[in-house]
Each structure stands twice: as C-alpha cells, then as structure tokens.
Amino acid sequence: MSVTQRSPITYAVTLLALVFLYLPLAMVVLFSFHATGAVSFPFTGFSLRWYRETLGDEIFRSTLWNSTVVAISVSVVTLVIGTMAAYGLTRCAPRLRAPLALLFFLPITLPGLFVGIALLVYFARLDIQLSLTTVMIGHFVYVFPYFLLVAKAALDRLDPALEEAAADLGASPWRIFRKVTLPLIWPVLAGATALAFALSFDEFIITFFIIGPDSTLPMFMYSRLHRTVDPAINVVSTLLLAITLVFWVIAFAFAVRAARGRARATDTLLGEAAA
Amino acid sequence: MADNIPGRDVLVTTRVALEHARISRLTLLRRGGTAALGLGLMPTVLAACGGGDEAAAPEASGTIDYLSWTGYDIPDPMKAWKAENSVNVKPTYIGNHDDIQAKIKAGGGAYDLITYYQGYKDLYTELDILSTIDTGKIPNIDGLFSVFKEPDARNLWIEEDGDWTGVPWTWGSIGITWEDARVPGGLSSWYDLLDAKFKGRVAMVNDPLGAFTLTSHILGKDPAALPKAEYAEIRDFLTKMVAQTKTVSPGFSEMTKALVDGEADVCYQGWAYQNYLAAQAGNKTVKTKTPEEGAFSFCDLYAIPTTTDNADTVHAWINQSLDPILNARIAEYLVAAVTVEAAADLINADTKALYPYDDLELGDTTGERLNKLFELAPFYGNPPIESDEFVTFGEMQEAWEEIKQSA
Amino acid sequence: MTSVAEASRETRRARFGPGALTLPAAFGLLLFFAAPLGTFFLYSFLTNSLYEVSRPLTLEGYSDALSSEVNRTLGVNSLVVGLCAAAATVVIGLPVAYWLRFAAGRWQVLVLFLITATLFASYLVRIFAWQSILGGNGLLNSGLRRLGVIDEPLGFLLYNRFSVTVALVHIFLPYVVLVLYAGFRPVSPALVEAAQDLGANAFTRWRRVILPLVAAPAVTAFMLVFVLSAADYVTPQFVGGTDGALLGVRIQAALTGVGNWPLGAALSFLMLAAFLLCYLLTVLALRLLRLDRIRFVS
C-alpha cells in the first residue's frame, strides 16, 4: 500500500534517531558487564559479577515478584474495564461521548507527579494505608487511558456493517460481541494489554509517592541508585530489556499475522457476498 | 532504666561481657555465624544472672516493617538471628530522611521500626511518631558508651523523665572525603576547599540540613539556635562552596561517583562510607578524615513508631543489634562506628581506624575520651519548626534552594 | 416480526445499553482520579499544619508559591526546558514518521519495532545512562580525547539544561514517533507525489502540504512532551545540576520534604494553569490557521 519514495534526508534523520535512541541503551548494557563498579571510561574488562550479585539479592527477587503481580493485576483489570469502556464509548449516545472522553483521557495529559501526589494526599485523608493495592490503583489510573486509546482506535476502525448484519439476524449484543467483534479485535486488545503490563512494570513516577512497605522493581533500582555506586541498575535494566524484547517480538509478530489474517477474512466475506 | 543501675554492677557486667566477647571472637573466627548467634544470647543470660535488672529480651517472631536507609536493615549481620527466630524483615528504603515522616504521616504507615537522625527528635515528637521504648526489654542497652546513656541537655533520645524514645545503634562523623591519587594527603581544613584550584572540582550532596549543620559548626554556631540575623554568614560560605561545584549530587553515592568518575576531587560534607562505595567501584584511594575545625556527628537511633503491631519483636531486634559482637559487625557492614563499648574491641582494623577508639581505655565507663571526639564533632539538633528568633527548618530549606540557584 | 413499538423499545434499549458499559471505568476514574485531584485542589486553599492541613481557608499556599524567587526561576526553567524538549522531539520525530510512512517500504515493520522497543528500557536507567555519555569521563569526552580533538573534557555537556533536555528527548522520542506515524497514516502518498509533480521543492512540500496535514497530531505530540517534560522531577536531579533544576523537584520536596501540602498543591495547580494556557493557545493557533478540522477521505 505504501509507495516507497526516495527521501535521503528523512532516511538520514531516521538513522541518526536510531543511533541516538540506542546509544544510551548500549552504554547501559555495556557497563552491566563492567569488571569494576564504575560506569565511566576507561572500560577495564568484562565480568558477570554484578549479574551474580543482583540475581542472588533477595530484595531484587521479591521486588521483581511484586512488580510482576502488580503489572498482571493492573493489566487484567484494565483489559476488562477498558474494553467495556471502549465499547461503550464508541456506541453510546453522542452527548455522553465528550464528557466521558474527557474523564477517560485526562490522566494522560497530567504528569505522574500530580497524579501521584494527589493520590498520596487522598489516601492520607481517607486513612487508607499505602500498600501494593494503592500502587495498583495508581497504575490503573496511569495505564487506563493508553489502553483505551488503542482499544477505541481498533473499535473505530471496525466496519459497523458486520455488527449490524449480526444484529439483523437476531443476535443479542453480548453474542455479537463474542462472535463478531471480539474475534476481530482480540489481537489489538492483546497488544494493548501487553502495553498496559509494560507501562505498569516500569512505572516509577507515581509509584514513588504511593508505595507502601512492599516495594516494586523500579523503586528497588532507585534505592540502589542512592546507596551504591555499582552497575546493579544496569543489570536489572539489561535483563528487563532482554525479557520485554522477547515478549515484544512475539506480540509484534502476532499483530502482523493477525492483521494479514483479518484482511484475508474480510476479503473472503466480501468475496462471498459479491458472488 | 539506665540511671538506676548501680555503677558497680555495670563494671562487672562490662568486664565479664568483654571476657566472653574476647573468647567468643576466636570461636567466631572458627565457627562463623552460629557462634555469633550463640553468643548473642550471652549478654541476655549475663544480664539475667549478673544482678541488677531482671531484664530479658522478649520473644521474637513475625514481620518487622522497617523504614530506613538502604542497607540499614543490615541483612548479613542479622541473618542468623532472623533465621533462628523466624523473623522476616520487610524494608522500605528511603532516599531522604524526610521521607520517613512523610510516609508515616501520609501513609498512616504500619511501620514497626524506623531509624532517625538525632536532630529530628523534636519534629517527630511534635508529629506524634515516637513511642516510648521499653528499655526493660533491651538488656544490652547497658553496654552502650555512657555518653549515649546520659540524658542530654537537648534530650535527643532520652527524655527528661528518663524515658527513651530512641536507641543509638550506630553513628559516624562527617569529614572531608577526597581522592588520594589526585589530592595526595588530603586537606586539613574546610577552608581549603574554597581554594581556586578546586574550582569545579568540589562535590556536594543535596542535603540542606547537613550543609547547614556543618557550616554552622565551622562558623562556630549552633544550627538548632541560629539567630536569623546571623544566617547571612552561613549563606555566604555556602554560596562560595556551591560555586566550587559542578553540580550538587542527589545522594552520597552520586557524590562518590563524581570522585570515582573523575568529575570531582574533594567532597564537602563527606563521610567514611564513601571510602567503601568507591572501593566497590574499583577505586581504593578515596579517603575521609575530620579536618581541624571538626564537623558534626550523626547518631542513628532506632525508634518504634506509635503504629507498630509487633513491639516485642522490635525490642528483641534492637537488643540484638546492641550485642557487642553484632554491634561490631554492624559497624563493619555500614562502615560506621559502634555504640556499644565492648564492641570497640571487636571491630576490624579498617573500621577501627575510622574513629579515635584508641583514645578509649577499655573498662573506662565514663567514656570521657569519646566525649572529647564529640566535642570536635558534636551531635546537633535541627533548626526549630517555628521560631521568631531563630532560623527555622523551612527557612533553612528555602534558603538552600536560593543558594543553589544563585551560586 | 416484531411490532413497531417493540422495535423502537429495542432500539432505545440498544442505545442505552452500551453507554452503561463505561460505568466501571467512569466510576473508577471518578473515585481515584477526579476525587483525588479535587481534594488536592481544595488543599491548595487550606492552611499548612505540617504533613496535615487544617481549616481556615487561605491563599497562603499560592502566595508562598508565587513570592519565592526560587519558584519563579524554576518555573521559568521548567517551561523553557519543556518547550525545548517538545520542539526537539517533534522536529526529529516528523522526518522519522515521514520516512516510516512513505519511504520505508519493507523496512517499516523492523524500524517501527526498533523504535518502540526502546520504550522498554527502564526510565531511571536511561536518565542515568546519559551521565555515561556526557560526563567528563563519558563516551563523548573519552572519544574526543582519544581522537585528539580536545585535551580537556568538555564540561558544558552535563549538569545543565542541555543535558536535561537531551535526556527528556530520549525518553519521549519513541512516543512522538508513534503519534506522528499514526498521524501520517491516513495521508495518501498520492498527495505528496502530486505536490512533487507540480514542481514543489522539499521545503515547499513540507510547508504547504505535509505539515498542515499532520498539524493536529504534531501539536498533540508537542503538548504531551511539553507537559510531561516540564513536570519531570527525576531527570533534573541526576543530570540537571543547578542550571537545569526544574519545578517538579520543588513540588515533590514541598509534599514529602517540608510537609507543606498547601504549598505543593498551589505550585502544582499553578503549573497546570500554565499548561492549560499553552494548550488553549495552541488550539487557538490551529483554529486560526484552519488546521484543526482536517478530515481524511479514503
């Protein structure tokens, strides 16, 4: 579909942008293998000691676990509530749409600093103790608009004719959703859920304010930053990068194949209709 | 209570404890952790049969929710005791001392144990954070240097009526930290840092209270009672110092990184722990010493917040950390100083070299020699929260931001 | 079949039903987003009582916030850094998104993947990593010294507004590329080709055809980066020095360090007011240039 043009300047900028994006990451990975604890040159040799130390650190393991639990909970809740909200938002009465959209998308525009602080003060007022639950609440508020953005875009792109046809054939709204809508949009939902997971896992700015005695991985990294000079956080980041890259590759491949499959399905449908 | 134990019994207990401690150190070297555990119980047994109190550390179990600096949950030294008593410590690490009161006040935190710098006592009392510590459950408290046991005029951890709100378990002093390869021999005066050759080569840490306390001390003033009119002197000094830096580091590890990475050569408001951090990063020539004008000392005190739900276990933990052997291990682990007299003999040479223990005569229970150190680097209080006469805590913080901007 | 009355009831139900699906989300956000912000706003008008607030309504929070010269300086710093970071990100992002849409061909998927993959590097570490690049013994300085270009390390690369801006651009560039790419997608290559065929050079093509078409998403991206950069409180602490100090750090300190909640709230809402003002200005600008109502017909 996209015509390939020759565009040397934008090509050059893209290349430079990629270098710019990856250079710091390369530094992070490089120094995670540094023989000494310094994160500056000269580079004195390779060593796996920081990996051994970090992976053996029980605080690292417990915060890793906490972060995973939080991220999974947040993504599941966001998936359910977000899909419902996206569906509702695209099909509700027009006069409801603007105020709902404002409420739903406003959190993106507010920096985490304000959301975090407002929640801290709010929980204090209500005498709610800070814990992983409060962290999950904060993450939900942060993650929900991003999920909604993606889900809503997918629903918007859906051809209404398909659902109308099913409705005309007497299917209930729930049946329509299950048999028509969901099969078409589930790859996008899966991707959005993965995005929600990733956003929650790496969240620091809001978490900083509403974290309780159980800590998350980004908070672990922050505390290491404050007390040690070794590349422990480089190690954690490299590991995270490696793991999420694997997931991201899978998700991306999934999405691409699903898009192609969807196009094929629609073609088949239209082909049969035309016949 | 500390002040109703007859002096003679204290002497006996101390010497006997030392005897056992000396023997036990050899055993420790041979048998490692389990020995330390066994001997941890010794002082408790001694206290029970040594006369005086029928004090005993209570049963420990469950979870301690601990709010403090990274590393202050001393996982390695306490590992054996925790395993033996099935105690789980859940640490929450702070980046900033003020996070402690922020978390407790805002989170309604269910913390069982916190540490605080002695200056914060007044604020924490006002915020109703501190509860009275039952020293009856902490027999090892007798082993503290007497300077830590006497009610201080400012009541930084012992109230006028003898109630304890904090238990000193480690302390240290501020000094000049420098990179010896680039500044051989270091500096002997704080004023040397203002020299033109150190322009852009000084590192500072973003600790308004520390900077204020140190500068007050250098200029011969009391940070807890500084008349507002005299603040200008502090401001001028600090402005000149900040002008010597490239940046004010967010924390001590960042400040150490500056030394290790070659961005700076000397630190204003340095600390012996930085030597260890630098060594970890591969630089073994970072050193710290107290210059001729002295500096200030910080005492880390265990405190039990009013919100605790596991007071007995916390008391047992505190008691354990005051065991001479453990207090020594803790000091080595934190690269800090011991608060227990007997422990002064048990720390390794490197840790002992940090502070003038050699001036201390074993068995000298008046601790007068250690008092001399604290004259050079005293324990100070914080600026008051509200005052018409003196510079307040808030004013100090605001002024610090202005200093950073104007420098 | 169903009667007319039944049919109309069904359609009414059908139109009522879906809206109800938004209830859980709406409830959740009202409870945990709108209410906290409202409470926080109220707090900016209350009296400070050290990690608490108390009754007498007052404007002290706002007057404290505005009267402090440090706050004013840092506020200006934040706006400047925010604008620079936003401008830089969009200026870099536009060509990249253009290339992805029109010139990437079979490389599109891979490059998109590479760009979005960087989102998964931890936020903290990326800030930190710039120290390894811009510092006195960092990559740039070490490299330049090895090449003999300089003798002494360049000191102006780190601990100032420049390094803060660079770190922020690094953080937000992937998001901006995605937003702009989404903005470019509905633009038909035929439009761009037509402009080329009619003899327009690159500059005119961009000014007259391309930029107006993606003005709306570009402005969205710009505002997003601006707001998030200006309010960042972690980046300035590590790479900002005193020159690159931003207001976010003060807000954080007011809340947790000093315990003056009304002050923190006042500073926050003053900042939000500034953001709102900028947003309204951009909306106005778009409307004046008549770039806000572009519709794409496929």
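A, B and C label the chains in the order they appear, each numbered from 1.
Operating definition for what follows: a contact is a pair of C-beta atoms (placed from the backbone, for glycine too) under 8 Å apart; a residue touches a chain by one contact, two chains touch by 3 or more.
For clarity, every value in this text was computed on a predicted model and none was experimentally measured.
Trainee: Applying the document's contact definition, name the chain pair with more C-beta pairs in contact, B-C or A-B.
Mentor: If we tally the C-beta pairs in contact for B-C and A-B, the bigger total goes to A-B.
Trainee: If we define chain centres by averaging CA atoms, which chain lands farthest from subunit A? Would you check?
Mentor: The most distant chain relative to subunit A turns out to be B.
Trainee: Just the number, please: Cα centre separation of subunit A and subunit C in whole Å.
Mentor: Chain centroid spacing, subunit A to subunit C, equals 17 Å.
Trainee: Could you tell me the distance, in whole angstrom, between the mean C-alpha positions of subunit A and subunit B?
Mentor: Here subunit A and subunit B have centroids separated by 42 Å.
Trainee: Which subunit C residues sit where two or more other chains touch them?
Mentor: 131, 135-137, 255-256
Trainee: So which bits of subunit A are touching at least two other chains?
Mentor: Residue numbers touching two or more other chains: 39-40, 120-121, 222, 225.
Trainee: Touching at least two other chains at once: which residues of subunit B meet that condition?
Mentor: 105-106, 250, 254, 257, 261-262 - these are the residues of subunit B that touch more than one other chain.
Trainee: In the complex formed with subunit C, which residues of subunit A make contact?
Mentor: 2-7, 9-11, 13-14, 17-18, 20-25, 27-28, 31, 39-42, 81-82, 84-85, 87-93, 96, 100, 103-104, 106-115, 117-122, 125, 137-138, 140-141, 144, 148, 167, 173, 198, 202, 204-205, 209, 218, 221-222, 225, 233-234, 236-237, 240-241, 244-245, 248-249, 252, 256
Trainee: Spell out the residues on subunit B that touch subunit C in their complex, using ranges where they run on.
Mentor: 96, 98-99, 101-102, 105-106, 126-127, 200, 206, 242, 246-248, 250, 254, 257, 261-263, 385, 393-394, 397-398, 401-402, 404-405, 407
Trainee: Can you list the subunit B residues touching subunit A in their complex?
Mentor: 65, 67, 69-71, 75, 90-93, 95, 103, 105-111, 250-254, 256-257, 260-262, 277-278, 280-283
Trainee: Any idea which subunit A residues touch subunit B in the complex?
Mentor: Listed in rising order, the residues are 35-40, 44, 58-59, 120-121, 123-124, 127-130, 211-215, 219, 222-230.
Trainee: Within the complex, which stretch of subunit C touches subunit B?
Mentor: So the residues of subunit C in touch with subunit B come to 50-52, 68-70, 73-74, 131, 135-137, 155, 158-159, 237-238, 240-242, 245, 250, 253, 255-260.
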